[in-house]
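So, here's a batch of structures to check.
Consider the two complexes below, in which subunit A is the common component and subunit B and subunit C are the respective partners.
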Partner chain A sequence: MANTSTLARGGGNPPASGRPPTRSRRRTKASGMPEWVIPYVLLIPGLLVIAGLLLYPTIQMVIMSFQKVGLRQIRGVPAESVGTENYTQIFESEIFWSSLRNTVTFAVVTVALTLILGTAVGTLLNRLSRKMSTFVVVGIMSAWAVPPVAQGVIWRWLFDADAGIINWALNLLPDWFSELLFGRSDWTGEPWLNDAFTIYLVLIVCVVWASFPFIAVSVLAGLKGIPAELYEAARVDGSGAWRTFRTITLPLLRPVFAVLTILSIIWNFKVFSQLYVLMGGPNNREAFNLSMFSFAEAFRSPPKMGSGAAIAVVLTLLLLVVTAFYVRQIVKTEEM
Partner chain B sequence: MTTSLTGGKPDASTRNRPAASGGMDPRTRKRLGVIALNTAGVLVFLFATFPVYWMVSTAFKTNDQIFTTDFIPIPTEITFDHLDRVLTEGVAGNSIWVYMRNSAIVALGTVLIGAVFALLAATAIARFRFRGRTSFLITLLIVQMIPAEALLIPLFLNVRRLGLYDQLLGLIVINVGLTLPFGIWMLRTFVAAVPKSLEEAAWIDGASRFTTFRKVLFPLVAPGLVATSIFSFITAWNELIFALILMSDSSGYTMPVALQFFFGQRGTDWGAIMAGSTMMTIPVVVFFLLVQRRMVSGLVAGAVKG
Partner chain C sequence: MKFTKIAVATATTAALALGLAACGSSEPATETAPKADASAGGKKFAGETLTLWRLGESNPAAQKYTDALVAAFEAETGAKTKVEWIPWPQVNDKFTAAAAGGAGPDVTEIGNDQVPLWRSQDALHPITAVFGGGDHAQIPKNLLSLETDGGEIYAAPWGAGTRAVLYRKDWFDELKIEAPKTWDEVIAAAKKIQEKKGKDVDGFAFNGGSDANHLLGALAWAEGGEYALKEGDKWVGKLTDPAFKAGFDTYTKIVTEGLSSKSRLGQNSADIRTRFANGKVGMYLTAGWDIATIKEESSGKVAEDQLAFFPLPSKSGGAAPAFFGGNDIAVWNDAKNKDLATEFVKFSTTKEWAGRYASEGGLLPIYPEQLEKLKEDPAQAPFAEAFANAKALPADSNWTEAGETKAVLQNAARSVIEGKATADEALAKANTELEEILNQQ
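Moving on to the complex of A and B:
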């Protein structure tokens, strides 16, 4: 088993990064595998999955976005190239621009609201007693745990036109107040889920409700790591709550906030399940976002998978641009 | 004794101070502060749990109490009709058990395959320095930025070509792909947290690599593996869009797809859909509460630390 030739080969394959491998000098025991091969063998299944299910389809998606892929092609006729026709077509379509607007607006508003509410609750949790904090954490966890489809179902029910509790609650408001705020006082039978704007209002409430717990718990975890002396010192110096938050909490939690922001952006950019339930399938074209638009183009008859793929490419590029900064940050700052 | 002094300004004064004294009567102020904080806590609790409660309570209300413009906070009459209906009559031609079973098969299949693959890859990354390691890590990171919705079309065609269309196995394979990059990313921090010296001690005692892995590394990484697995389970359990397009026969639907069929046909049967949603939600809530701490630290650490 003393396979000296593998040692030589191992030496011929210096590691790409980092410290010298102290262990590669050691002989393998019983496994019969030269040391340097082991990590590659361990990686094979994972690599196959990532290459076959994620990287290769990405390339296919890009290629398909330049092809006409309809019913005949799905049945096996080779796809023909149409140049950039799919792209010119979607850029000329109004639905694309309204989808893009819906996607971006929804993401920006939801990310902002989730972060604000989540941070506020996280800060609150940090100041509650242990028992009370556990109680609240268990509560918000149960909101976070609800599957996206069920979230959609719940909020569709809460905002139901006839028997929904939101309309009931709005009717409770004093008439003058309701008039003042919304210009109306009778909410009975108000259909929330017919119009794109109100669909997105409900969607925002739904997604913020379901995702603020994660932010809150993460912020709480971050706060626990900040030494109490800092706050003590700030208090002694007469710093107010807001100022303490701005000058101590915020800077120290910056890495946490960076991650949370990016994760929220990724999640909210491609929201699908909740929207699908709230609008009852891909029917209301004005309320499409890019995911839904791509889905509808590709899978509603007649299937236009080529333009579906083109929309998907646009969505992917958008996400990559938005998150590129974050990826670079991680690659740069972390010894990986 | 605390009530005697200083009445006013509970809000403004309490918010400014973390714990101890400040001005006039520290105890009063402190107590008022605690009351304000706890009130806020209760409000947050209610905001988070009320919709969930509303789902569950609607599932057990009679139709009279469901379809009303009144607010009935606690059902005065409890019925199991809706639950019974979704279990026997079901929706789209099958009992809800069929869909629960399908969802469970997909989620468990994903976890079993995914856990093994993730553990192998995470060990490679956390325990070895090798050529291509950094590139692999960067790939892992970038791949997570590609929205699954974008891969829908090519994956749909590939699955058809491979003859996995309309089969739960196809869904399992897809879900392994969707969950693996994050699984590896999360698990490697757990592997890295196990001190190397333990394994080295085992080697010195003459254990083989495999024995070391099985007897030393594996037991110590097991909690992390559980957390990662549950994350994958939940992702696969909740997955809607691929299940929507890859399963055409209703006996192969998963829960998220099946729930869609409650809408539409002669109005929405809210009692039934809430019963179905409740059944779908329970396993996830249980898992969440089980691994809540670890999952948060895993998500954040996985994303923050190298």
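Moving on to the complex of A and C:
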């Protein structure tokens, strides 16, 4: 697959350029720049955009995390530096530790579930006929395409205590079955979105539902790139389905999984919109994750942008460490 | 394995980009300021426009009053007024955005307990001169305590709003329940309503949202409890006192005894009102202005004659001290023309317009002579009675953070109701936190 695309891309050029050396010399003269500079010059606009949109706010955020920034400061009073006070304050806060626990637990569970479900569905899609596969892909991708706030609203309604379809459906189960499974048979008015634990249960379902399609489709794309001969050989050698998956599919898809895992970790660490909608705003402190805690500190009145920024810095560093660790692991296994 | 390297590099870049993007600061939304359109000549402020923020829902009564006020002000000064309505639960967030983004109102209605906070954020402009003479000199000085800071007055009282229990009179008549005189009667009435009107109806709705302290406060004050008292220049929390705890128990029992569903621990009075308008609530604590909104929200299904108020009774009988609320009107510090804005505040709080604001909006008037007259009105009597022993929440600019943003007591109640802590544990923790917040600089 990789070869084909390289050929296709390069295909248009070589026959057309009759005298490549002359053309390149002429171009150097016209711009007055040595050839090696050109790639860097071409990168400048992109770098400027990144610097303006990412670097500057990030630096501002780090600076703010060492300052006391409230409304007065935004309105023109110069912000005073408070040293590391914002950090000591958040590290002493109980909410910070419960948010950290929620963030990490949620990310671990959700990344694992999303990847497992996504891979399973991807493998299934690979076996389906073309028509059926397209049908399923369109179906699941429409879940993926739902905007985060709408995802939250959908699941909030499904799990609503009085009017939700989940409680209604659980009540339809035969009593003995429900009793056997959950130890209770009456689900009328069960408040799913009160307690931190059940809020996260719903949140996990919601996020997995919306993010496994992307994994499934990516895995499908990877599978299509694995030569059929390998599977044929495996079959001839009498390898079972699970063994084939472990010894052929998994190693060949490792690069795909690497990217997908890192992206999933990042997405799930900073989930915000769905949680905001499910909780109905930052009300239940026990169910905060770090993004929600940062938002509540920074933007609810009276705004404390300094400590909000400090939490954001911690979250960023945490993500960088996790990502760096993971990337290192991949590089290491590659080298062996 | 070149592909892997590329994949890893791409992923790392993406990781950095996304991770950083997640933490970038976002600008608060701004609204476009109204453009002045030239019209009407001769008057002092002819051709000028100012923006007024009214708080709450624009029910017909409030809309009618505001239209009349705006028209009268234009006739007097020539200035046009653009009115925007901000629902109560959003007020602090809207003010925050306005103060940060600079696109706020010129004049705004404001809760009297919110004045210290917004004054401390430099968001209000002093209007001390207004009280120098005329009608305004007759406003009792104790109505200006939250509004005064460092010898300057930052907001003008517009109407006093206290709280009483709004109930479905038609249900009470149908089920032959008398308006409760003690807290036990409230519980009995609530249970009877739930029995006859369905399990999903809240007999007496629990408020655990942003304005939960109106209910909890009243119940705690009734027992003689206090949130915090200022000793010297420091606040000392009183949440662990037996008196406060008794009120807190009454509060959490609203849910644990089943008068209100456990699934709605976070609802504020606006959420409750919506459910009330849909016939899902029997009683709840609120202010007089909700009647007009309920009529509107239920599209006439719940009419005025089906509703009535009684003062919240304390456990031992008699009216519990109600939350001393009130609505003020103030000049926003970013007002384009502060003279014009001050003029509007002065005009709207004269005896005529403040009087109409109170009588048409279901509030109590701020002028003593009007208040005397009101006590004869049977519909307003529950409020006048509650107002007689109304109490305020701790007067500190940090109170909003404790009472709404950090929701200290709402969270304490939640952990008790869910059985995660005993009332003693939860209140001890809340007390420490309350002191921390109130005493921070």
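Everything that follows uses one rule, which is that the second predicted complex is superposed on the first by the 280 of 336 C-alpha atoms of A that agree within 3 Å, B and C clash if a C-alpha of one lies under 4 Å from a C-alpha of the other, contacts with A are read in each partner's own complex, and residues count from 1 in each chain.
Criterion: a residue touches a chain if its C-beta (ideal position, glycine included) is under 8 Å from a C-beta of that chain, and two chains touch if they have at least 3 such contacts.
Predicted model only: the values in this text are computed from it and were never measured.
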{"item": "Touched partner set for A:72, first subunit B, second subunit C, both or neither", "value": "second"}
{"item": "Partner chain in contact with A:229 - subunit B first, subunit C second, else both or neither", "value": "neither"}
{"item": "First (subunit B), second (subunit C), both or neither touched by A:92", "value": "neither"}
{"item": "Partner chain(s) touched by A:237 [first = subunit B, second = subunit C, both, neither]", "value": "neither"}
{"item": "Contacts of A:154 with subunit B and subunit C, given as first, second, both or neither", "value": "first"}
{"item": "Which partner reaches more residues of subunit A (counting touched residues only), subunit B or subunit C", "value": "B"}
{"item": "Subunit B versus subunit C as contact partner of A:316, first or second or both or neither", "value": "both"}
{"item": "First, second, both or neither for A:302, with subunit B first and subunit C second", "value": "second"}
{"item": "Touching partner for A:57 - first (subunit B), second (subunit C), both, neither", "value": "both"}
{"item": "Contacts of A:291 with subunit B and subunit C, given as first, second, both or neither", "value": "both"}
{"item": "Shared contact residues on subunit A - subunit B and subunit C", "value": "50, 53-54, 57-58, 60-61, 64, 74, 162, 188, 255-256, 259, 262-263, 266, 270, 280, 291, 294, 299, 305, 309, 312-313, 315-316, 319-320, 323, 327, 330-331, 334"}
{"item": "Residue numbers on subunit B that touch subunit A, as the complex places them", "value": "15-18, 34, 37-38, 40-42, 44-49, 51-52, 54-55, 58, 66-71, 116-118, 120-121, 123-125, 127-158, 160, 173-174, 176-178, 180-181, 184, 203, 206-210, 234, 237-238, 240-241, 245, 255-256, 259-260, 263-264, 270, 273-274, 277, 280-281, 284-285, 287-289, 292, 296-297, 299-300, 303-306"}
{"item": "Subunit A - residues contacting subunit C, complex", "value": "2, 50, 53-54, 57-58, 60-61, 64, 70-72, 74-75, 77, 161-162, 188-191, 193-195, 254-256, 258-259, 262-263, 266-267, 270, 280, 283-286, 291, 294, 296, 299-303, 305, 309, 312-313, 315-316, 319-320, 323, 327, 330-331, 334"}
{"item": "Touch list for subunit C against partner subunit A, complex", "value": "1, 3-5, 7-8, 10-12, 14-25, 28, 92-93, 95-96, 99-100, 102, 117, 120-123, 199-200, 209, 261-266, 397-398, 400-401, 404-407, 410-411, 414-415, 418"}
{"item": "Subunit B-facing residues of subunit A, complex", "value": "13-19, 21, 26, 28-31, 36, 38-40, 42-43, 45-47, 49-50, 52-58, 60-61, 64, 69, 74, 121, 124-125, 127-129, 132-133, 135-150, 153-155, 157-158, 160, 162-163, 165, 167-169, 188, 209, 213-214, 217-218, 221-222, 228, 231-232, 235, 240-241, 255-256, 259-260, 262-263, 266, 269-270, 272-273, 276-277, 280-281, 291, 294-295, 298-299, 305, 308-309, 312-313, 315-316, 319-320, 323, 327, 330-331, 333-336"}
